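Next, two complexes with subunit A in common: one pairs it with subunit B, the other with subunit C.
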Partner chain A sequence: MISYIIRRCLQLIPVLVGISLLVFLMVHLLPGDPAIAIVGPEVTPDQIRQVREEYHLDDPWLVQYLIWMKMILRGDFGVSIVENVPISKLLLARLPVTLQLTGFAMIISLLISIPAGVVSAVKKDTLSDNIARVFAFAGICIPNFWLGIMLILIFGVLFPILPVYGYVSPIHNFPEALRHLLLPSITLGTALAALVTRMTRSCLLEVLACDYVTVARAKGLPEHVVIYKHALRNAMIPVITVVGLQFGFLLGGSVLVETVFALPGIGKLVVDSIFFRDYPVVQGVVLCYALVFSLVNLLVDVLYGFLDPRIRY
Partner chain B sequence: MLFKTWKVLLRHRAGVVGMLVIIIMVNAAIFSVIDQTFFDQRLITKILYNPFSLSLQDKLKPPNANHLLGTDLLGRDLLARIIYGARVALEIGLLAVGISGFVGTILGLIAGYYGGVADSIIMRIADVLLAFPAILLALAFVTFAGPGLTNVVIALSLRSWVSYARIIRGQVLKIKIEEYALAAIAIGCSNLRIMVRYILPNALSPLIVQATMGLGGMIISAAGLSFLGLGVMPPTPSWGMMLNEGRLYIRTAWWLSVSPGIAIFITVMGFNLVGDFLRDVLDPRLRNVR
Partner chain C sequence: MKRNLLVTVLILALIAAFASWALADEAQPQYGGTLRYAAYDIPGSLDPQHCLHRGLTTQYIAFEKLLQYNQKLEFEPVLAISWDIPDSLTYIFHLRKGVLFHDGSSFNAEVVKFNFERLQSDYSEYQADFSIVRNVEILDNYTVKILLEKPYAPFLDLLASSRGYIISEKAVKEHGDEWFQKHPVGTGPFKFQSWDIMGTLLFAKFENYWRKELPYLDAVEFIKIPDETTRVLALEAGEVDYAYKIPLVDLPRVKKIGGVISNGAQGNTIDYFLFNCSKPPFNDKRVREAFALAIDVDKLDSFIGNIEPEVGPLPFKNWGHNPEIKSVPYDPAKAKKLLAEAGFSKGLTVDLLIRTAHPRKSQAAEIAEQMLGQIGVTVNILTLESATAISREQSGDFEFGALHYGGGGRIDPDGNLRLFYPGAPFNYSGFTDPTLTTLLDLGIRITDRKARQQLYWEAEKIITEGFPMIWIGELLEYNGYNSYVHGVILEASGYILKTSEIWLSKP
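And then the complex of A and B:
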């Protein structure tokens, strides 16, 4: 197991190098002067010269990349042009909001989707199965930013019972924080809930047809023991992998959801930075997203190795 | 084969619904292209209103007999703009899926067939791209390259070719050890001929399913970029941009936010229903499974 974890960590190194290279090249390979891309078009020639020196833009790009990497490894993502504060500080302040949103979205979606998937499989071809399947299908087709707007319309305008904008820290007021996160989390988690419902249903149907389930039933075990102890445990292995891998999908979705609900996470930060032409922040946020995503995927792979001992790549 | 698929489709109710939705959307898109190119928006004014002409005395009118879906902030008819928006959605979706499918197929074929260094390089690039959430990579590209239809298409294709490449690679790895592929090698066929003539036609089924379902995803992503103000530029009507304009008036003009979203939802649903149907037809293991 340890050698598997070490091997999996080593495999991550070239991916991390590739990620950093791509994020670095975003600014440097596109047409136009990277100095202008970094500080914006409204600058004097003196300021451009200063930026070129500061960012070593007159050096070969490999040297520039190595200098930039050295800064990143020290946790120095540069300075925001608009707010004039270190980008790492901005990221640290905003990342917890995004992680709370994605975490809460995942919890809500799993709380809905796994029971829905189980009911759908156990009561195959009944009304409840059909309802679950229709909702799961609709959940995949619905754009999350539109769902968010519709939830604001219903719970903020027609029946104003939930807060629809802003963020409250759970440290200051936990129940209010949950209330503020509820609609954004439902918005973000719907697609995942739909996917997990479908996967749980199909995996459980497959497992319920296996011989060991028939044997469990033949032994006279009660149906709930057969389903929850024998079938569901085995059916959940592929579902857990998908859930883990979908964390990245949730992170991506948070960009739009944070914009709709005005949540001060890193998704909102990247969108605001785009409009203020604060390119170093855009670069920093993209890098941060990719790093978090890669580390979560690594964690999922390792967990999967624990859950299913047959998995050794 | 086509006739047989068509016959099966007619028995597959969800597939029929999906196909109808696609036919309606494609017709709307073709209509707007013809109307704009050859008739200078005169055709649509015979049945509805010009989607570009402003009428400030009609601004923010709720749905009524004259404007079935209401009007926007500048008094433009929403239904006319939604019909015109179908063109942008399908154009971006088809181009992005076409480009990513084409690039992914070629790279997947090379990776799967030649293996070794080529495989390692292509798959490592794929791993790096997969580390970025799709919408974020597209957002970053459009930020640095600028908005507009071409850049949106490139931005959406940047990462999505990876799924096609992975599918084709997997198929090639399976097919290249089949007897007919080995026989083609034995009789001295060139690598290109083996790949294009023998391997590719047998590897296409999952690709077709992925492309159909991918179209829905592309339409949502393109609308997402437009929603953030980084997609197609005004005055071209796009569903995402209409939603963005609408959400600012959600308390006073709810209809601005409802109809463009329904248009996206129905279109995506159409492609996904047809995708589900194609998967059932093209994958023999799923034919009797629901």
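And then the complex of A and C:
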């Protein structure tokens, strides 16, 4: 297992180099002068000249790429053209916000969806099953930015029990941090909850139809042991795969949620950076995303080994 | 009888006392409190001479200028108490004494000279604007003489704009330009406290502010809330006190919460459809005029709503605007005739370029598309992301567009009219005229306002008769605030909140 993890980590290096080249080319191929994007529409020739000189935007792209890679290898992501701070500082401050949001969204959605999926499968074609399926359908259809605004309206304005916007660090004040993250996490996690509910239901139904489950019941085992000890573990393997893949979508989906709830995460940062042609930030953040996503997938693969003893690396 | 009279007098006295108590509470500003201002973004640089501003104004709270416009658009003294203009090249400013910067250094003539030199340096984003200054001479500790390279009548207007903020020489010389971008030091009523990478900017009351009775507030906190709906909800929940740019659909709601103020009400920003006059089909004036006749701007304005109609490059309220200029009459029959004369009797197809950042212009574009369809013109609306759209506009790679321009925040009519000067940076239409150029050159050389006004009236006439644009009007935007926020005024340019006058009535 350890050698497998080390091998996977080493495989990350060519992946990250490839991604860095790809994202570098993509942002530089975007139409539009970055100097105009940064300063705004009423930009003067002086301002354009200043920005282009200051940020080496007139250098050949290969030179710009090599300068940037050299800096990355030294751990220096460069300076944000727009925010005027080192990008590493931006990432250190903002990445945890996005990870907390995404992580909390995932926890909430799994806490709701797995039990809902189990109930739905076990009590198939009953009222509980129908309710769970309607919730799943609605969760997939509702746009998350609309849901976010509705939650703010209900719980922030009409019944003001939760804050409307902002972020509090859990290190400074854990209960306040949870209060601030609750609505954004529900907003972000709803679509995932809906998907996992449906997946859990369908995977569990399949497993419950297997012979070994019939044998377990015939042996006289209590129903909760049959479901949670025997059936659910096997049903979880495809569900964990989907959850791992969905993590990437959660990271991407955090942009809208961060905008609506004014959370200072990197999702909104990277979208703004694209619009302002803040190349160094886009490149740095995408590399970060690639690294985080790769590590999450590694974690998912390792989890398989715990869920299914037949899987060994 | 005497007793009745006495009782009446007592009752009246009680009523008067109660009324004055109630009115006094409303009228008298109270000291204290922090204004929580929901902004859509926080600037990366707080240096007013190098902020690459992107339209953000939060950084200006710490600074002041030598002079500014009042609400009647007249110059009023700030850091300069008076000024003399002995000839068209010379400006002598008499500076206010006893003014301190936030770092304790004194404001004086040497600081003013330093500021002008910095504004003329490569570091400044206003180098081109201040290249008009030949020399700054210190006459005494509180008097500076500024010599210009050539006569420039809008010079005071330049100093009264956001280009004219005065910064601390000591702070820059001790710590450098880069430090100053994150630690602004000025003479303003609020001094910089902290800039948080997470999106808050805090300014605290400057105890040694030269206007002893101001500011009323203890602090101003700018909070980054990018989504406009969230800004309104935060206002409603009482989590912020002032919200920048609220959705128009929420205007009635915000008016119930407290109040609204129009952004840019005093400024010169006007929205328009723009023709590329340098290439077909719009190099033909008949085609441009046909389009102008086919678009019923009054109807368009009433559909869009919250728009201040305008008929030319200068708003009605600007002293340079020619009152004889009327809106182009809606006449689709004449429009078709003109198109036929220009060789487009079978109609034509044009691309209308819109930026994604301007959703209300998209609405205007759709209405214009319908109206132009009635004269046989097919309009393809191309909505592009802003940076891409601007690049195409700047390189002339467009036919028809929708933009706005406000003279770069200047009030002087030259700001807006200079758009049509040959080689002007934002003259995307490419429209110029030799007589117009002469008028603009003369307009900045003579200082008599009446004489300048005549020149600008003529200039505006030439522009409107050339149809380089179809002026839609001024798309109004609003900021909202809670009921306990008082004294809300914007600076004359319309975008910068005068935080020194604001006070809060909640405990």
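Just so it is clear, the second predicted complex is superposed on the first by the 241 of 313 C-alpha atoms of A that agree within 3 Å, B and C clash if a C-alpha of one lies under 4 Å from a C-alpha of the other, contacts with A are read in each partner's own complex, and residues count from 1 in each chain.
Here is the rule we go by: contacts are C-beta pairs under 8 Å (C-beta built on N, C-alpha and C of every residue); 3 or more make two chains touch, one makes a residue touch a chain.
Everything numeric in this text was worked out from a predicted model, so none of it was measured.
Novice: Go through the superposed model and pick first if A:F293 touches only subunit B, second if only subunit C, both, or neither.
Specialist: first
Novice: Touching A:S88, do we find subunit B (first), subunit C (second), both, or neither?
Specialist: After superposing on A, A:S88 lies clear of both subunit B and subunit C.
Novice: Answer with first, second, both or neither: which of subunit B and subunit C does A:T190 touch in the superposed model?
Specialist: Neither partner.
Novice: State whether A:V27 touches subunit B only (first), subunit C only (second), both chains, or neither.
Specialist: After superposing on A, A:V27 lies in contact with subunit B but is clear of subunit C.
Novice: Per the contact definition in the header, classify A:T102: touching subunit B only (first), subunit C only (second), both, or neither.
Specialist: neither
Novice: Regarding the shared-chain residue A:T241, is it in contact with subunit B (first), subunit C (second), both, or neither?
Specialist: Once the two structures are laid over each other on A, A:T241 reaches no partner at all.
Novice: Applying the touch criterion given at the start, work out whether A:A262 contacts subunit B, subunit C, both or neither, answering first, second, both or neither.
Specialist: second
Novice: Contacts for A:D46 in the overlay, against subunit B (first) and subunit C (second): which applies, first, second, both or neither?
Specialist: Second partner only.
Novice: Can A:V157 be said to touch subunit B (first), subunit C (second), both, or neither?
Specialist: After superposing on A, A:V157 lies in contact with both subunit B and subunit C.
Novice: Across the two complexes, what residues of subunit A are contacted by subunit B and by subunit C?
Specialist: After superposing on chain A, subunit A residues 30, 37, 149, 152-153, 156-157, 259-260, 275 contact both subunit B and subunit C.
Novice: Which residues of subunit A touch subunit C once you look at their complex with the stated criterion?
Specialist: Subunit A residues touching subunit C: 30-34, 36-47, 50-51, 80, 82-85, 89-90, 93-94, 97, 149, 152-153, 156-157, 160, 163-167, 259-262, 264, 268, 275-277.
Novice: Can you list the subunit C residues touching subunit A in their complex?
Specialist: Its residues touching subunit A are 44-45, 52-55, 122, 125-128, 181-182, 197-199, 223-227, 229-230, 233-234, 236-237, 239, 355, 385-391, 394, 403, 405-406, 408, 425-426.
Novice: For the complex, give me every residue of subunit B touching subunit A.
Specialist: 124-125, 127-129, 131-137, 139-141, 143-145, 216, 220, 223-224, 227-230, 243, 246-247, 250-251, 254, 257-258, 260-261, 264-265, 268-269, 272, 290
Novice: Could you list, by residue number, the parts of subunit A that touch subunit B in their complex?
Specialist: Within the complex, subunit A contacts subunit B at residues 14-15, 18-19, 21-22, 26-27, 30, 37, 125, 137-138, 140-143, 145-146, 149-150, 152-153, 156-157, 248-249, 251-253, 255-256, 259-260, 270-271, 274-275, 279, 282, 286, 289-290, 293-294, 297.
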